Amino acid sequence: MHSVTPVIAAHDLTKTYTFHQQRAGLGGALKSLVKRKYETRLAVDRVTFSIGQGEVVGLLGPNGAGKTTTLKMLSGLLYTTSGDLQVLGHAPSDRKHDYLRRIALVMGQKTMLWWDVPAMESLLLHKDMYGLSTAEFDRNVAELAELLEVEHLLNVQVRKTSLGERMKLELMAALVHGPEILFLDEPTIGLDVVAKARVRSFLADVNRVRGTTILITSHDMDDIEALCSRVMIIDHGRLQFDGGLDELVRTARPRKLVRATYATTVDAVRLSGLDGVTAVEVSGQQVALEADREQAGAVMEHLTRLGPLVDLDVSDADIEDIMRDLFLRRSTLGDLS
Amino acid sequence: MSTLARNLRVVRRMTAADIAQQSVYRGAWIIFMLANITMPIISLLIWRTALASGAQLPVDERYITTYFVLLGFVTMATSSWMAGFLAQDIRLGKLSSWMVRPASLLTGFVANNLSEKFLKLFALVPMIGIVWWIFRDSMNIPAGPGRWALFAISLLLGAMLVFTIDILIASLAFWMDDVSALVQARVIVASVLSGAVVPLALMPSWSKGFVDHQPFRYTVSFPVEIVAGQLTGHELLVGLGIQLGYVVVFAAIARLVWSAGIRAYSAVGA
Amino acid sequence: MSTLDRTWWHKQWRHLRLWRRFFAQAVVRETHFRAHFLTTLLVGLVQLGLGIVPTLLLFGFTSEVHGWSRAEVIALVGVFQIVTGLLATFVAPNLNRMTTYLTEGELDGVLLRPVSSQFYLTLRWINVAELTNVASGIVVLVIGLVQADIAFGAGQVVQAVVLVTCGLVLLTAVWSAMSFLAFWLQSVNPIGFVFLNLMEAGRYPLVFFPAAVRTFLTFAFPVAFATTFPVRALAGDLGWEPVALGVALAIVAQGLVRLVWRRGLLTYSSASS
C-alpha cells in the first residue's frame, strides 16, 4: 500500500523562535524603545518521521506543542531552523509553483475563501491559479460538490453560509486542483456533531478514491479515531509517540469521562467493582467516573439502571491525561517507540 | 472633590496610560508626522517660486515662509479626530459603560487627544526644526517673548475651538443615524477656511469679509498669523478676544446639545 | 508529472488570465454597491476641487510661472488626476492591506498558491469605483490642453503614454518598497498616508521646485515622469532621452523592489508562528 519512497521525509526537524520581552508600564514601554531583551523558544525539537503515499496520519498534542509549527514547515510557510525536510521531492520552503500545486492546506480557524463573492467565484480563481483546464475543473467541481452535498451552495455568498457549510466549501476549494497531499489544521473545530461526521467521512472517501495523503492536526481524539491509522504525538516540540492508533489506545488507554445526574440519590457502591471503571465520585444525585473506552458502553448501561436518569454527559479524557498515562506506562514498561 | 478636579485627575491618569500604550509603535509617529509636514513644505516651495518669478502677492516672502513652516505644527497642535469615534460610540450604545462611572464621558477623548499630541510633538518638532534652519534667513521671528506667549494662548484656544466643534457635530449622532458625512464635511470645510490649504491672506478679495471673520480662521490661521507678522498689537488683541468669544459660544452650544442628547439617550435607555 | 508552466511565457500568460479574473470579479462585486460608486465619485471631485484651489489662486496673481501658463498647469492637474486615479484603482487597495496581511496571517494563504506572491499582493484587489477619478482627470486634461491651445501628433502621444506608464511603474515600486517595510516594522499603516502626501507634489510642474527637490522628484520619488514630463511631451518640447531614462529607471526600480520583497519574505518565513 505504501510506496517505497516516502512522500514526506523529515529528519531532525527543528524550529526556534526569537522574540523580545515587553515590560508593562510607562517606564518599561519607553525602555523597550531603546533597548530590547531577546529570548529564544524551542518550538520543534529534532522531530524525525516519514510518511508514505496514501497514509492518513494524525498529529496530536496539546496547544502550543508544535503541531501547527510543524505543519507550517511542511507546507513551506515557515523556514526550518535546522534539519532535513523533503516533501514530494521538494524542499517546501522553496515554494516552487510545481510543489505548491501538488499540496493543499486547510486551516480550521482561518478561511481561505473570499468573503463576499459566491463560492463558485473562489473556485474559478483557483482554476486560474492552478492552471486547470475547463474540462478538468468542471469534472472536479461536480464530483466534489456531490460528495460534499454542497451543489446548492455554490452560488451563495460565502459570508452567508454556516460554519459547517463553509468548512465543506473550504475542503472543496482545497481539493479542486487534485493535490497529492492534504494538510489539515484543526479542520473540525467549532463544528457540530453532524458536520464533524460528514467531514470525516468525506476525508476518508478522498483518501480511498484518490489516494491522497492526509495529515491532520487536532486535539480532538474522535477526529483521529475516525480517520487515522497512524498517530504522531507532539509535546513540547518533541515527537513523543509515532505508531498505530490501536497501539496508542492500548498503551495510553485514553479514557472516557462519564457524568450522570439522577432525579434521586443513588447507591453507586457497585460501580467501583465494574471492569474498567476508576475514579468513581458520588455526590448526592450526581455520579462521575472514568471508564476505559471499550467498557464505556457497558458502564453507561449500568448507570441507566441505577436510578431515574436525568442527564448523561460523556466526554473524552484530556489529551494531557492521555499523555500523562502514556509516559507513566513508558516509565514502567520501558521505551515504546 | 469638585467635579472639575476629579475629571482632571482622571484625564491625567488616562493620558499617561495612553502615552505608555502608544509609544510601542516606534516608527509610526515619525512616519505620520513626516506625512503631516509634506503638504506645508510643498506649498512653501510653490509660493516662494511664484514670488521669485514675479507674482504680486499681498504678503511678502517672509510672511509666506514663516506661515508654512509653522503651519504643520499648529495644525497638529489644534487637531481633533474624535468626532467620528464619539459619534460611533453614541450609535453603538457604548456610552452606557461610561455613564455609570463618576467621570465625564469626554475624559477618554481628551486623554487620547493629549497623549497623541504629546507623542507627535516629539516626532514633529525636530523635523520642523530642520525646515526652520533651512529657511531661517527668510523667516519673521518675533523678538520678545510677549508674542510667543500670545501665540501659545491662541494655540490653546484654537485647540479648544476645534474640540468643541467636534463635540457639537458628534452630538448630532444622538438624533441622526449617520453623521460621517457631516464629519467629513467639517474636515474639508475646515481645511480650506482655516488656512491649512492656502493662507487666508491670499484668498480672493471678494471673499475677505467672510473669510476673515468665520470661526475656522481662529482655529489654525490666527495663531500662525500672530507669529508670521502683519498683525498690529491692536488687531492681535481684538483677534484673541474674538477667538475667546468663539470658544465660549461654541462650548455653550455644544454643552446644550450634548446635554439634550444625553437626556434623549437616557430616556430611551441604552 | 507535467509542470505547471511549460515556458516563462506560459507563466506570464497564466498570471495575466488570473488578473483578468480579479478585474471581472471586482466589477461584479462593485456594481452591487452603487452608493459606494457615487460616494467615491463625489469625494474624488471634492478632492480635485480642493487640490486645484491653490493653483487657481496662484494664477490670480500672475499669468505665468517659469514658462507655465494656467491652462498648462490645469492640463498637468488632469494628468495627475489620471495617475492618482489609476493608482487608487489598482495599487492602493492592495498596499493599504499590507499590514493586515502580516498581522492577521493572511499572507500564509497567499504564499500557498502557485502564483507569484509579489504579483498577488500588489495587484489582487481592484477598486473599480476609483476609475471615476480617471474619467474626471481625462476631462480636466482635455480642458487644459484646449485652453492652452496645444496641438500634438501621434509621436508625442506615444511619448506621453510611455512616460505615464513608466511613472506608474516607478511610483508603484516606491510605494511597494515603502509598504514592504511592514515585514520589519509591524505597523506601517501611515505609509500610504505619507505616499499620498508626497504625491501632492505632482500637482505642480517640476520647475516650480528648487533644484535639490527637482532631483528628488525625478529619481527618488519619480512623480516627474508621471505628470510633468508627459505634459511637456504633449506640448512637444521633450526629446526621447527622458523617455529612455524613464524606462531604464523603471526596470531598475522593479529589480530593487523585488530584492526588498525577497528579503522581507525571508524574514517572514523565519519568524511567523
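We call the chains A, B and C, going by the order they appear; numbering starts again at 1 in every chain.
In this section, a contact is a pair of C-beta atoms (placed from the backbone, for glycine too) under 8 Å apart; a residue touches a chain by one contact, two chains touch by 3 or more.
This one's a predicted model, so the numbers in the text were calculated from it and none came from an experiment.
Asks: Just grab the chain with the largest centre-to-centre distance to subunit C, centres being mean Cα coordinates.
Replies: Using the mean of the C-alpha atoms as each chain's centre, the farthest one from subunit C is A.
Asks: Where the centre of all protein Cα atoms falls, which chain's Cα centre is nearest to that point?
Replies: Central by C-alpha mean position: chain C.
Asks: What whole-number Å value describes the gap between the mean CA coordinates of subunit A and subunit C?
Replies: From the centre of subunit A to the centre of subunit C is 45 Å.
Asks: Return the distance between the CA-based centres of subunit B and subunit C, expressed in whole Å.
Replies: So the centroids are 32 Å from each other.
Asks: How big is the gap, in whole Å, between where the Cα atoms of subunit A centre and where those of subunit B centre?
Replies: Centre-to-centre distance between subunit A and subunit B: 55 Å.
Asks: For subunit B, give me the residues that contact two or more of the other chains.
Replies: 26
Asks: Give the list of subunit C residues in touch with subunit B in this complex.
Replies: Those in contact with subunit B are residues 43, 46, 50, 53-54, 57-58, 60-62, 65-66, 185-191, 193-194, 196-198, 200-201, 204, 207-210, 213.
Asks: Can you name the residues of subunit B that touch subunit C in the complex?
Replies: 25-28, 31-32, 34-36, 38-39, 42-43, 45-47, 49-50, 53-57, 184, 188, 191-192, 197-198, 202-204
Asks: Within the complex, which stretch of subunit C touches subunit A?
Replies: These residues of subunit C touch subunit A: 1, 3-5, 11, 14, 17-18, 21, 25, 28-29, 105-106, 108-109, 111-115, 266, 269-273.
Asks: Can you name the residues of subunit A that touch subunit C in the complex?
Replies: 17-18, 43, 69, 72, 75-79, 93, 95, 97-98, 100-105, 107, 110, 112, 116-117, 121, 124-125, 128-131
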